[in-house]
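I have placed the structure first, in the form of structure tokens, so that the comments after it can refer back to it.
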Amino acid sequence: MLLTGTFIDEISHDIPHQNWGAAEWEKDFLHMKAAGIDTVILIRSGYRRFLTYPSTYLIQKHGCFTPPVDLVELYLSLADKYNMQFYFGLYDSGIYWDTGDLTHEIDDNKFVIEEVWKKYGHHPSFKGWYLSMEISRKTKGATEAFRTLGLQCKQVSGGLPTFISPWIDGKKAVMAANSSITKEDAVSLQEHETEWNEIFEGIKGAVDAVAFQDGHIDYSELEDFFRINKKLADKHGMQCWTNAETFDRDMPIKFLPIKFEKLKLKLDAARRAGYDKAITFEFSHFMSPQSAYIQAHHLYNRYLEYKSTF
Amino acid sequence: MLLTGTFIDEISHDIPHQNWGAAEWEKDFLHMKAAGIDTVILIRSGYRRFLTYPSTYLIQKHGCFTPPVDLVELYLSLADKYNMQFYFGLYDSGIYWDTGDLTHEIDDNKFVIEEVWKKYGHHPSFKGWYLSMEISRKTKGATEAFRTLGLQCKQVSGGLPTFISPWIDGKKAVMAANSSITKEDAVSLQEHETEWNEIFEGIKGAVDAVAFQDGHIDYSELEDFFRINKKLADKHGMQCWTNAETFDRDMPIKFLPIKFEKLKLKLDAARRAGYDKAITFEFSHFMSPQSAYIQAHHLYNRYLEYKSTF
Amino acid sequence: MLLTGTFIDEISHDIPHQNWGAAEWEKDFLHMKAAGIDTVILIRSGYRRFLTYPSTYLIQKHGCFTPPVDLVELYLSLADKYNMQFYFGLYDSGIYWDTGDLTHEIDDNKFVIEEVWKKYGHHPSFKGWYLSMEISRKTKGATEAFRTLGLQCKQVSGGLPTFISPWIDGKKAVMAANSSITKEDAVSLQEHETEWNEIFEGIKGAVDAVAFQDGHIDYSELEDFFRINKKLADKHGMQCWTNAETFDRDMPIKFLPIKFEKLKLKLDAARRAGYDKAITFEFSHFMSPQSAYIQAHHLYNRYLEYKSTF
């Protein structure tokens, strides 16, 4: 199970920016290619007032800031040039994080999807959509939001695929701004299966793949949860991807690159569960040889050694 | 609005030290010059028992530690050599942070000001004083402290200018050791204006410039607060500077370099409000091409690109 | 008082991994040698399910993960090659950190000690044992655990020396995952002496050296505590080492390299108290010229300058 996709973390909730310009981004796409990555996913096209592209709609409607660079154009051009697939991540108003209410995400993204497809849909590398709302089992209204937005993405773009990346409500499911790293009330395997069976039932047809984040459970629990995820995805006709996090959730510094051994354990568990694809959050901070975190340079080397054994 | 000044963060409250020697500091002064900086401000000359210069008074009075290097002499010599202005930041006993009581700062700094002017006043680059007590609207006794110390600095040094750098009591005004990044009870524009009008009234004549820290309010609030600050400064005959923070207050890691777009938003707002000068906290950690934080190297490049457009 | 030993922090509780391979580790042993270090101490051979060597016992008994590299073999080979002494740190089940109960550490390490000596005892650089349970005055059962395990280490290995590295229950004794950096209820000098006198009495003969961690008390308290430690060690026939921490406990980022001046204050205090040896936690993250933390590169240079004055 090798990584073939990565998120691109602009705009960020909680990972400090690297302040790269176009030259650094082009170099990073080349590093990704060398590591076997053929898919890049914009994690979200905007967050609150910050945007990755100059959205007329969002600037007028919400007073969002015009970004200094059109990153969507930049990433799509690089993906065109290097023959990679680009997935567009929807806008995140921030309101859901504060209130749990997803209606704003639905309302705004109706316009964003139209606007973006008109502006960037001609790029040959525009290959899919990422429904960027990060949810877990208790998120009210998630099924309807994914269903509505997934269908609209497909309808606008001639059926391009969509995917989601929810989290498992495990013992490490704590907010980044929380100083602790674990919580008490983790979900059981049984609850996880029951609840996600219901959610998958509701989004079938609107979502083509589900890429659970792999960092919220213990390393010893990976295989059990992964087998359930794969079984549920198969049952509802979806692809089962893993979002192999390359940052370390076990450390008080939130967040630095993961220890290679932990990444290996997670990829190996996904392979044994028969997963379809592995993507990561995310290459440029946590695995790139030009990352601001030097631990990432060594993780890149360890990962290439591992890759060469297949 | 371009940066023409920077703090030098020795001694630090909450930013880990870079362990630079004289060679690295000289290189950094050259990097500053290349970025258009002509003013360096020692953020504080001592903090609790740690000192930047071997102060006979503080070592005898409080058992402060003799520093391995006389940083005040080093910085003044470099400022002399490279034709920059040096502002001396007063001593911070730490007692005010614990108790809110500013009388120790007044008492100790009476001696420090005398001692420092005698020891270093001959340096041609010694151009002013920074009253280092970081206060906001609720700090009892701040007006009297600034008045007393500001007048003394001027009297000792033949009228050299003084400045302060308070914070706006906005939603991001939380302590660094607090794991959260925002609070509920932020100040309103109206309260801000009323309260600072009163403080400015009290310090007029003793303080020549006020450089509000720009990181405690939302990006969408910048312009409104900045216009009030400028209006108040004009009314009381003070210069209005901005302290454009180059670290990111929105991230759980406290603190790494800011995203360039955020710095640009803040500098643009200061320009529109007609501010007189922009300084930053601070160049060497967060913007220097030799910073331990590699994000800073890229911020430097992004900033130079921005600067070249003027 | 110069550093002649360092811990090696694999497996880590709270310091993010650097993802070094064999080449980086060999380079680091050379950097250590250049800084005067002749002793390397594996901080623990395993932590919960993560291991530094493929322990048949721990993999079968607790489902521990087989590590991608046998680090114990790697470190011993490097220590053989570069004529350094290697101390083996015992296994840490993690149960003591959760429950305060040390019986699991005793039970598991009985097998680990046998296994390790059989597997690696032929290495000429295998020179001692580190009893890795980190305790302070209030740890129930610590005396018995140290006594039992210390005697067993010696018996198995023909009397090789053992040491411990407890912490002083000072004002900075807070857990890494806690967002604050100090606490109220610090131990007094008198309590420290009384309680540790009793513990030393109990472990005499089983433990050859005690290396108190030096980071939990204020810099102004160092000398008083160090003199008591030395007096107690002398009284019970043990060597008194200092574990000079090279990370900074005073900063909200937990943890980055220490300011050189602080390290110097701590080493100077240990020298004045007549300590026998100085080790550090730890060279590779916080002091190495190839550390992922660039502050460490400069700390290395500052330390070499200091070292050259002796």
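Residue numbering begins at 1 within each chain, and the chains themselves are lettered A, B and C in the order written.
Just so we're on the same page, contacts are C-beta pairs under 8 Å (C-beta built on N, C-alpha and C of every residue); 3 or more make two chains touch, one makes a residue touch a chain.
Nothing here was measured: the structure is a model prediction, and the numbers come from that model.
**Student:** Does the subunit A and subunit B pair touch with the same residues on each side or with different residues, judged by whether over half of the numbers are shared?
**Tutor:** different
**Student:** Go ahead and align subunit B to its copy subunit C using Cα positions, then give the rotation in degrees, nearest 5.
**Tutor:** The best-fit rotation has an angle of 120 degrees.
**Student:** Need the CA-centroid distance for the pair subunit A / subunit B, whole Å please.
**Tutor:** 39
**Student:** Give me the residues of subunit C that touch two or more other chains.
**Tutor:** Correct list: 179, 253, 293-294.
**Student:** Where on subunit B does subunit A make contact in their complex?
**Tutor:** 179-181, 219-220, 248, 251-253, 256-261, 264-265, 293-295, 298-299, 301-302, 305
**Student:** Quick check on the complex: what are the subunit B residues that touch subunit C?
**Tutor:** Against subunit C, subunit B makes touches at 12, 14-21, 24, 49-50, 63, 65, 67-68, 176-179, 253-255, 291-294.
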